[in-house]
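Each remark here refers to the structure printed beneath this line.
A, B, C and D label the chains in the order they appear, each numbered from 1.
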Amino acid sequence: MTIALRLAQFVFLLLSAPLLLGAITRLKAILQRRRGASIWRPYAELGKLFRKEDLVPGSASWLFRAAPRLAFALTVTAVAFLPIVWSNGLLSFAGDFIVLVYLLAFARFLMMLGAFDGGSSFGGMGASREAMVSVLAEAPLVLSLVALAVAARAGSLTAIVAWTGAQDFFNISVVHVLAFAALTLVAIAETGRLPVDNPATHLELTMLHEAMVLEYSGPSLALIEWAQAIKLNLMIALLIALFAPWGIASGVTAGAILLSIGLYVVKLGIAIVAIAVLESCVAKLRMYAVPEIFGIAAALSILAIVFTLMMKR
Amino acid sequence: MAGGISALLGILYALSESDLKRLLAYSSVENLGIIYLTIGAAMLCQKNGAPGFAALALLAALVHALNHAIFKNLLFLGAGAIQYKTHSLKLNELGGLWKTMPATGAFFLVGCVSIAGVPLFNGFIGEWMAFQSFLAGAQLSHPAPQLTLALSAGALALTGGLAAACFVNVFGTAFLGRPRRMQIEPETKMPLSMLVPLGALAAACLVIGVMPMVLIRPLWALVEGLIPGGNFESGAKIGSGIQMVTATVLIAALAAILIRTVVRYAPTWGCGLASLTGRMQYTATSFSKPVRTVFQPVYKASRKLEISPADKPYFPTAISYESTRTLHYEKLLYRPIVNTIMTIAQQLRRLQTGNIQWYLLYIFLALLCMFLFMRFR
Amino acid sequence: MRIINFAASQAISSSAVLIFLTLLLLAASRRMSNCISLFAAQSAVIAAQVFATAYAHKSVAALMVGIMVVLIKVVAIPYALFQLVKRLHTSRDVKASIAPAGSVFITAALIFISYSAVQSYAKDLNVARDPLAAAVAIIMSGCFLMTSRNKALMQILGLLILENGIFMAALTTTFGMPLVIEIGIVFDLVMGVFLMGIFMFRIRETFNDLDVSKLRKLRG
Amino acid sequence: MVLLLPLIVPLMVAAMVLLFRDARRATAVALAGGCVEVALLANLVFQVYQRSTIAVGQYLRADALTSFFLVGLGFVFLVTLLYSVTYLRHVPPGRFSSPRWFYCLMFLFVFAMLAAYLAQNLGLLWIMMEATTLASALLVGFYNTDGAVEAGWKYLVVCTVGIAFALFGTIALYLAAVRSGVPSEAALDWTVLMNAGPALGRVSSLVKLGFVFVAVGYGTKVGFVPMHSWLPDAHAEAPSPISAMLSAALLNCAMYALLRYDAISVRVLGPGFSHTMLLIFGGLSLVGASLLMIVQRDLKRLLAYSSVEHMGMIAVGIGIGGPLGLYGALLHTLNHSAAKALLFFAAGRVRESYGTLELDRINGMARTLRWTSAFLVVGVLAIVGLPPFSLFVSEFAILTAAFHQEQHLIVVSVLLALVIGFGALIYQLQRMLAGEPAEVHKSRISVPEIAAMAACAALVLILGLHLPGALVHMIQRAMDVVNWR
């Protein structure tokens, strides 16, 4: 029974990703007083791309087409660890959040290789900028997760979630606040949202993530877009699970599950509104200003670790 | 501490390196740094009465050392193969080798991926166990070791990230895209004798990556001997965890690959330019430029830009840009020691005046000193 | 008989004064031939002392040693040195690196030091203090001569004086070493001087000047 | 009779060799005489191995300690003779000294050293040490160039002065013995002094004075740092086989004398006094010599300084004492002489074909002189003390002994010196081997030269890998003679 629940939760996460993306774009449009496309548009887009042919540059090797597929697979596996509705994710074992981080790193690694293979200077540029961002993002990400793990004295994600769940709502420890701040900064950079990289435009100067995928078309592009959406969904789910896990059902009774789904949807709504508001009122940062963000994130996460010492044992 | 510093510095220098072999050498410095980090962690845990975690940390060090041996070996042999083919190891000149050396390319890819320390490959196993030992160590009661271990986890993450970026750079510039400016003799076929070892090592990387228990079990017995009382349950779980991860990845990858696609080959889109030449691609140094600007204080690179003719800066006939980076450790650590020794030696040399009277004087003085020594002894 | 014993012991102590005199003169002398004759005089004094002890202890071995000393150190070696000086017809000047007044003063200081040094030893060896002090003084001034004089010949002379000093020290404290050893020592001394003579010819040949301070090619 | 024969033979050969004007016949005679001499030595060593000591009359005596040093002397003498057989034909003619003089002096030199080893009486020991200086002085000045003459002169004067002090030390010891009731004839007899050891305690200040003078005196002969100045000149200017003999045999002989005196002073005053002094001298030599090695520009001077360094190491070994320290020191004498002989032979070859020993002007050796550069590499690796070779074994023994005795200052200075020495030698070696070869007149390397060098290299390697039981046993018995504490 629990396996089915975990599988359901896993599939739900995969499928709901484009919906999330659509909702955010729609909300941003409303904030800018225009009607905006329907929230189901990303699905249509993916369908269209899957049917188109795959255009491959002459100099590219088989890696060019293999990279997006493998990256997609990796991102999908990364999602498997997340417990959002039900208390533990599809897979959970000691130190699994590190595996999650490195799975994402592997996906990025392959995307960069794909960009190189394209043979155009944009690919290289995108890859090198992505490298800079990812390098700086990884340290705070790991540090904040370690801080949480140390605070919760637990090895795996599900254990941390269970522990935070047990804490009552109001005495939020300092560690959590700091870790939450650091993680949000990193999440923004990781998923390529506005202050770090504008997902919408294809302007040479600014684009970070798009530059890498410029050469792709057809199903490869579809997979990349979907993986991107899943990553966004994953980040948000991670934030929710780690910092607002109350109400996650641990038992098997239908009532508890329904309640947790309801709560999750509410939390998701809040997150979407937050992202939309943030993106519409912030301009894109200059590329070399981005390291400052990571400086702050790193400082926050180190502080979080220092505070874990103060935690009562 | 030393491990952390050497890891960070090693990878930073590796990133800004454009010669393949030097880059690999620096990355060895980095990996050794990581190994020292884990050994340090083992010692800390041992001292603070946590033999279980100490055993784990030591095991991580051993595992990483072995893995490092395998994939570093693979990369060096690969570099040898490249040199055999193209007689040059300057990354900025290589490119598009995948077409001419598909087999070596594939094996080299496996090497690069495993050194980047990503799951499914053996580089990750060592680093992951290192993380776990840091995590476990961080739960020790004393504040000082706890803090150091936690921070070293951060350092390890940073080095991991840098390593990944660095080896993307290596593989991308060397094998993918179009050949920049170097002549390849297509007809020199890679001799089988070169390919077999590469293949074997790549296979080893994969096998250990997927089934780490193959490596961990024998090592565990060794560690057990060294630090009694180490618990093995965390080790066992590692193996099973990895298996599950690999299973899911394989299923997902299969699903993705099954999508039928119609493939069409077309020249890469050059924004309307006549044709994209190889030189337009990003080279190794340009790839690492953003990271280098971020870590400017470490490199203290000095830049020299000459535009000729000097009077008309906007109609340059030739631009030369040259940036050199200072090697800190060289300047601060080794130079002074060597200088002091040399000055002392010069002074001593002057003692050997060549005049016999001085020699006799030395003997009498020695006698006098010994006499006094005898007096007071 | 007692008078002769008394005369012998007096001879030993008075010789110390004579030796100090030779040392000071040596320090002051400018010409090489003077130095050689002074060395001969010094050896003669020591020989006298040997005979005195030989007579006092009635040991034939000591007598033999005395004769040998006279033969070699008073006659043979000085003669050989004079030949060397004549044959090499270099300038007779001693070319000291320190002015004569200075070297005399230093020698006097050395004598004083040797006295103080010997003070502690003479007591527990219940040996006459003066001759032992003289021996130590000779050794020290021999060393000083070798370091301060630039001429090769003077180096040999310094060495000989040093040997003299040691021989005298042996004499005053232990009334003579076993005969075989004495002969061996003197034989070595002769061979040493002989070899140095050969080398002096070679130096003369290659450097056409006997100034030791010129020998500075081998440095560092 | 077993003792006397090895002494008489070299004198006879020295005389015979002088008769033959023609170089080739002189070489033949010398070679024959050499082989006979070595055979006799071997027989003597074997005899001593059987019956622990052999004595003839009051003055000659061979015990386990002497036999061990005789092994070194015999080996070095044989190898040098082998090497000089062909080396002399390279000696440009027109020099004043001809091969027959060379062999005559060499045999006298060996006679003196042999007598010094066999001397039972300390006075005789002193006389023979003086004789070695005299014999080798002419050999150092053999080439009659201005450098050789200067080196010869300095060597003669400085060593004679040094030895004179040693004489004074011997006399002081003799006086102490006589004062404490030992009959005057036997007062210089080593065994008597050893047995009367504690009795000398009453006049310990005299024994101390004696040991100070002997240490400085024989220290000059060994080449400890403050008194080492003659060594680089003498070893650099002498012909290569002779510098090999000097470095490999003579320094050990002087060290042997010091060992004898150290044994006595240990029995009388306890290890404190003499060992500290040896440690001081050893430490000074180690650090000083290695520092000087860095700035050397001449190959042979570099090797000479390395000899000073290794002698310092042996002194430290003796100074530390104990079972391991002394064992390491004794073994080190043998190893060092083999490796140093090899290096000087190689240097000789380099000088012949490059015409100079200036390190800056020797390069590209690997291509021109295949054999010599191979042997040079082996020699340098050995002398620097790398594992496969035997010097590492002995240095390791000495260092472990030092660790046991918590002599941290010594250990640090030893390691520092070794590292600096390593740097200096390897840097020069690499410079000599690499690069494009300068103009070299190709002189074919002759079989005896290769044989000589191969013998040294083999010894160093074999001892490094596996110490034959007999040798270890011999060293142990030698240590019993000195009855280490």
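In this text, contacts are C-beta pairs under 8 Å (C-beta built on N, C-alpha and C of every residue); 3 or more make two chains touch, one makes a residue touch a chain.
For clarity, every value in this text was computed on a predicted model and none was experimentally measured.
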For subunit B and subunit D, chains touching each: C
Counting only C-beta pairs in contact, which chains form the busiest pair? A-B
Chain whose mean Cα position lies farthest from subunit A: C
Just the number, please: Cα centre separation of subunit C and subunit D in whole Å. 31
Just how far, in Å, is the C-alpha centre of subunit D from the one of subunit A? 77
What is the distance in Å between the mean C-alpha positions of subunit A and subunit B? 28
Centroid distance [mean C-alpha coordinates] between subunit C and subunit B, Å: 74
What positions in subunit B touch 2 or more of the other chains? 349, 352, 356, 360
Listing for subunit A: what residues touch at least two other chains? none
Do you know which subunit D residues sit against two or more other chains? 153-154, 157, 161, 209, 232, 295
By the touch definition up top, name every chain pair that qualifies. A-B, B-C, B-D, C-D
Show me the residue ranges of subunit D that touch subunit B in the complex, using the header's touch definition. 153-154, 157-158, 161-162, 165, 208-209, 212-213, 215-216, 219-220, 224, 226-227, 229-230, 232, 272-273, 276-277, 280, 288, 291-292, 294-295, 420
Subunit C residues touching subunit D - in the complex, by the definition given at the top: 120-121, 124-125, 139, 143, 146, 152, 155, 159, 162-163, 166, 169-170, 173-174, 177-178, 180-181, 184-185, 187-188, 191-192, 195-196, 198-199, 202-203, 206-207, 212, 215, 217-218, 220
Touching residues (chain side subunit C, partner subunit B) in the complex: 97, 143, 146-148, 150, 155, 212-213, 215-220
Which part of subunit B faces subunit D closely enough to touch in the complex? 341-342, 344-346, 348-349, 352, 356, 358-360, 362-363, 365-367, 369-371, 373-374, 377
Quick check on the complex: what are the subunit B residues that touch subunit C? 349, 352-357, 360-361, 364
